[in-house]
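One chain, subunit A, links the two complexes that follow: it is found with subunit B in the first and with subunit C in the second.
Moving on, here comes the complex of A and B:
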C-alpha cells in the first residue's frame, strides 16, 4: 500500500511532470531521428553510438572553445559525420545496416573513452574539463500560470527545440517535397527510382538528418543538466528510441507520446528511489513498460491486419 | 575467383585495421615501439600470456557460436548478452548455495545455466512469432531488464557484505573448473567450448533441422513455401543460442572467477558479433576467430600496462574490421578489374 501512496504522491507533484519532459527530451530527439531514417528505409542502429560520440564532442569542444553554442555545433556536426560514415557503408559499400550500426556503437563506446583518457588522463568522466552547459529558458507569460507554469516553463532550450521539431518533422512528412521523397523511397525504392527520385541521395539526406537530431540528443545529455561526459552515459537511450520509433510508425506526434511515456517511467523511477521497492526493479521498469507498449502495439497492428483480411474475404 | 576475392578483401580489411592502429599509436604515444611490440607480439612473450589468450577466448567462442547461429537463421537477436549475464548469476547462486561432489557440481551448474539461458533466449523469439515484434528491439530492452534483475539477485541474496565493493560470497571450491596447464589460466572450460563448437557444427551442417536453419536464413520466402515451419526455426535457434550463451556465462564464472563481480554487463555478446562475422557464421571457424580477438585483447592489455596507449584501442580496431569485412562492395572495383582482365585474356 505504501508504494501506491508513494506513486500517488509523486503524481500530484508538478516537478514530476517537469522531470518527465526532461527525461523524455533525449529519447524524443533520437526517436525523431530514428523515424526519419526508418521512413527512408534504413534502420539506424548506430543511434546509441552517435549520441555517445556527440555527447563527448559537445563537452570537449565547449571546454576548449569556452562557448556552449560552439560546443553544441560540434556535437551536431559529430552526429552528422557519424551518420554519414554509416550512410557511406550502407549505401555505397552495400553493408548490412544492423552490423555496421553495431560496429559504430562498438567504436563509440571504446573510442570515446580512449580519447577522453588522451585529453584528461581519466577513463570515467570528464570532471576535469571545464565544459559549459546550454541555457534553460523561462517562458514569459506561461511561467505565471500556477501549475502549468511549473511544468512547462524553465526547461532546457533543447527540450523546447525537441517539441518544435516534433511539429517540424510532422510537417516535413505531410507537406514537403523532401518528406514525400523520403516516404516514397522507404516504401518502394524501385517505384521511386522510376519516377525520377534520386533514391540514394534521399537516403543519404535522411540518414544525415537523423544524425543531426541524434547529435542534439547527445548534446542534451552532456550539456544539459549534468554538464559533463561520463563513459557510456547514453545508457541504452539509442536503443529505446528504436522501440519508441517502432511504436510511432512514422507519426511524429505518436513518437512524442511514446517518448513521454519513457520520460514518465524514468522520472517515476527517479522519484521512487527513496521508497522501499528495490532500486533495481525501479531501474528496470522503464524498459519493461516500453517492451509491453511496443508488443501491444505490434499485436494490435497484426490484429487489425487480420481483421481487414477477414472482412475482405467475407466481402467476396 | 570468389574465394580468392574474399581472402584478398579480408587481408585488406586486416591491413587497414593494423595500419590505423599503428598510425594512432604513433600519433599519441611517447614510446610507440613499446606499444606496438606489446600489442602485436605481447602474448608470445611468455607461456602464461600465450595461454591467457586461450582462456580469454572461451566466452568469445560461446557468444560467437550463439550469434552465428542466430545470424545463420536470418534473425538479429542480441539476447545472448542477457543469457550470458544471467547464466553467470545462476552459476554464482548455485556455486555458493549448493553443495555437491567436485565432478558433479560444475556439470549440474552448466546444465541449469544453459536451461535458464535457453529460456531467456526464447522470449524475443516468442514475442516475434506471436506478436510480430522486432527481435532486435525487444532483445536490446530485455538485456537491461535481466541485467538489473541479476544485480538485484546478487546484492540481495549473494552479496559479501564485507567485501566493500560489489561482489558475491566466494564460490565453493567444488564448483571451480580446474586449470588444464598448471600456472596458466587455461582451464577445462575450453574443452566445454570446443564440445559446443562440435555439437553446433553437427547441428547446423549435418541435421535436417540445420538445413532448415540455413534455408530460412538464406531464402526465407523459399523456406516458407517449401513447408519449413519457420516459427519453429526462429524459436528453436534462439533457444539453442540462448542456452549456448548461458553455458558460456557459467563456464566463464567457474573457470575465471572465485566470486561474482560483474558490475557492468561484460561486452562478450557484442564481441560475439565480430566473431560470428569473422567465422562466416560457421561454428567450425569460431575458435579461430575467437582466438584472434582474444589475442588482440591480451596484447592490448599488455600494451596498456607497459606503455601509455590505452586498451580501448581494441574497440576501434574491432569496429574498423567489422565495417570493412561486411562491406559487400568494398574493393568491388578491384574485383571487377580483375574479372575484366581475365575475360580479356580469355579472348586473346
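Moving on, here comes the complex of A and C:
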C-alpha cells in the first residue's frame, strides 16, 4: 500500500499540477495540429517525425544564431516544411497518407541522428551544442495567490501559448471562414468544390497549420526545460496526439482535457519513479492510460448508440 | 420571351483518358428565358456535357459561349461567376452544417475572421420567400428531407447570382406531388427571367415543363426540337434508335401458397431513429410484391433485414415456413434467397475482379465448378459464358474487369447470376436504376418470367411507373411503416401512391393486415 500512499501524497502537491501542465504542453500543441489536419480530411500520421525534426532544428538554429527566438522560428519553419512535403506527397502525388506519414517518421528518427553526428560527432544528444532555451513567464497577481499561483504561474511561454491556441482553434472552427472551409473540405469535398472552394489549397493550409503547431511542440521539447536534443526524444507523443485528437472528435476544449489527462499520467509517473515499482512499468503507464481512455471512449460511443437504438425500437 | 441565345456549345468533343468518346461534335443552343430539356439515355453523354458547361471538365475540342462571348472555364467557380448554377443529382451539401451555412458556403457573409450567421439566415429567409422555395434556415442539412435539400440546392445557385440553372434529373428523388410543386417553382423562376436546362429521361415531365429539347444519343446530338413538334414515341425513338416498348405483358395468375413472410420487424438505427416500424407482410408463389416509397423511408433497411446484413431489434423472417431470423447471410442464400442489390458497384459486384469471378461468386465453393476438389477453370468459363449469353451481356472476354462494362451490362450480369441461382424468393432492389432503356426492357421481362416460374418476387423501386407496371400487389412505406396496401394495381395511379408516400393518406391497420397471408 506504499504506492497508494505515494500517489495520495503526490496528488496533494501543487508542483504536481504544475508538472501536469508542463507534460501536457507538447501533446496539446500536437493534438491541436492533428485536429486541424483531420478535420480537413487528411490524417497526419507524420506528427511524430515532424515534432522530432522541429526539436532538432530548433536546437541547432539556436546554437548557431545564439538567439532562442530565432531557434524557435527555425523549429516552426521546419514543422511547416515537413508538413508541406507530406502534403505534396499526399495531395499532389496522390500517395497513401499513412504510408507517406510512416516514411517521414522513419526518415526523421534516422535523419536527425545522422545530421547530429555530422555536426557534433555525437549520436545520442546535442550536449556539445550551446543551444538556448525559451523563457518561462511569471504571471503578475496570479503568482501571489496561494496554491493557484504555484500551479498556474511560472510556466514556459509555450505552455501559455498552447492554452491560448486552444481558444484560437475553437474560434477558428466556430466562426472563421477558413474554419468553415476546412470543415466543408473534410466532410464533403465535392460540395466544397462546386461552390468554388479550392479544395486542395485548403488541405495544404490545414496541413501547414498542423505542421506549425507540431513544430512548436518540437521546440518545447528541446528548448523548453531540457535545452538539448536527444535521439528519439518525442517518445511517441506524436502518436499519442492522434489518440487524444480522436477522443476530442474535433472539439479543441475536449482535446485540451485529453492532453491534460496524458500530462497528469506522465507527471504522476515522474513522481513515482522513486517508489519501488519498476521504472519501465511506470514510464509505460501514461501511454497505456491514453489507450485505455480512447478504447473506453469508443466503447461508450458504441454503447450509447446501442442504447438509443434499443430505446427507439421499444418506444412504439 | 427573348429569342437571344444565352448559352451555346459548339462542336464539343470530349475524349476521356482511356479513349472513351463521351461527346462527339455536340451542339447545344439555349435561348434566354426558356426551359430547355436535355434528354437521352443513361450513358448518352448528358452529364459529361453539363460538367463541361459547368467547368468541372474541360472539353477536348469545341467552344462554349455565354451571352455571345466565348468562355473557358477551368473550375466551377468560373462558371458560377458567369451566371451558371447547377443543381446536382447528388446534392452538394455539407450534412453537419445548417441550411443557412450551406447556402453561403464559399461566398460567406461577414468577414474572414467572423462569418455572419445571422445575416446568412436573413438571406436564406429572403430568398426562400422571394422564390417560394420553403426551407428552414437553422436546421442541419442531415435532418431535412430530400425535397427540402433540393430547394436548398436551387437557392444556393440563386444566391450566387445564377440566371442559367442546370437541373440534373431533379425529379428522381421526389414524389409526384413534390414534382408538381417543383415544376410550379421552376415556372416561377422562368417568369422571373431565369433560363433553365432540365436534364431528364422522363418524357412526360419534359412534355409538361419544357419549351424546347435537345436529344443526345451515344454522345451525339440528334437535333433540337420544339416540344410540341414531337410526341413521346418519336422522342423515344430518337433517344434509343429503335422502338422500345416498356409496356409489360403478364398473364393473370392465381397465387400459390405463401413462400415468404416477415413478422413485426422493428429496427432503430444508431441515431435512435426508427427505420422499420412493425413491418409485416408475406409473398405468395407467382406474386410480385412491389414496395413504393421515397428513398430513405425504410426500404433499404427492410431488404437488409431480409438478406441478413442488418439485425433488427425484434421481429422474424420466414422462408417456406422456417424461421430464418438467426441464419447468416450465406445460409439465407442457400435456403433460397437471391438478391439484386440497390448499388451494383458497391454490393452487387467486385468491380475490379473479372466477369468470371463475379459470375461464380455465389457458387464458387460448391461442387458444381470443381474437378477433384479444385476449381476447374474450364467449368468456370462455360458457366460464365452461359449466363452472360443468356442475359445478353455485351462483353469482350470473360476475363475483363466488371468495371469496364456499362451500367446496364453490369446489372444484367448481376441479374443473371441471381436468377441462375434458382431462388424461391427473389429480391429486386432498384433493379433498373441508372441503366439504359434497352436493359430496362430486358430486365423487366426477365422479372415477369420469374413470376411465370412461380417464384415470389419482392420489388423495391423508386420508379413508380415500374412498381405499377410490374407488381401484383403494392405496399407503400413512409417513415419505416407500411402505410398503404394496394391489391387493385390496375386502377391505381402514380398520384395515388404519392399521397401515401407523402404521409398524407394511410390505410387502416386492418387493411394493411391484409398483406399477410397464412
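Simple rule for what comes next: the second predicted complex is superposed on the first by the 305 of 316 C-alpha atoms of A that agree within 3 Å, B and C clash if a C-alpha of one lies under 4 Å from a C-alpha of the other, contacts with A are read in each partner's own complex, and residues count from 1 in each chain.
The rule is short, and it goes like this: a residue touches a chain if its C-beta (ideal position, glycine included) is under 8 Å from a C-beta of that chain, and two chains touch if they have at least 3 such contacts.
It should be emphasised that the depicted structure is a prediction, and the values quoted were computed from it without experimental measurement.
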>> With both complexes overlaid on chain A, does A:184 touch subunit B (first), subunit C (second), both or neither?
In response: second
> Looking at the overlay, does A:145 come into contact with subunit B only (first), subunit C only (second), both, or neither?
Replying inline: neither
>> According to the stated criteria, A:3 is in contact with first (subunit B), second (subunit C), both, or neither; which is it?
In response: neither
>> On the A-aligned overlay, A:168 touches which partner chain: subunit B = first, subunit C = second, or both, or neither?
In response: neither
>> After the superposition on A, what does A:313 contact: first (subunit B), second (subunit C), both or neither?
In response: second
> Quick one: subunit B or subunit C, who's touching more of subunit A?
Replying inline: B
> Is A:176 in contact with subunit B, with subunit C, with both, or with neither (first, second, both, neither)?
Replying inline: second
>> Per the contact definition in the header, classify A:194: touching subunit B only (first), subunit C only (second), both, or neither.
In response: second
> Which parts of subunit A are in contact with subunit B and also with subunit C?
Replying inline: none
> What does subunit B use to touch subunit A in their complex?
Replying inline: 28, 76, 127, 130-134, 136-138, 140-142, 144-145, 148-149, 151-152, 155-156, 267, 270, 273-274, 277, 310, 312-316, 318-320, 322-323, 326-330
>> Using the touch definition from the top, list the residues of subunit A that touch subunit C in their complex.
In response: 175-178, 180-181, 183-184, 187-188, 190-198, 305-306, 308-316
>> Taking the touch rule as given, give the residues of subunit C at its contact with subunit A in the complex, in rising order.
In response: 56, 75-77, 80, 86, 88, 90-97, 101-102, 105-108, 110-115, 156, 160, 266-274, 277-278, 313-314
>> Quick check: in the complex, which residue numbers of subunit A touch subunit B?
In response: 45, 89, 92-96, 98-100, 102-107, 109-111, 113-114, 117-118, 123, 236, 239-240, 242-243, 246, 278-281, 283-284, 287-288, 290-291, 294-295, 298-299, 301-302
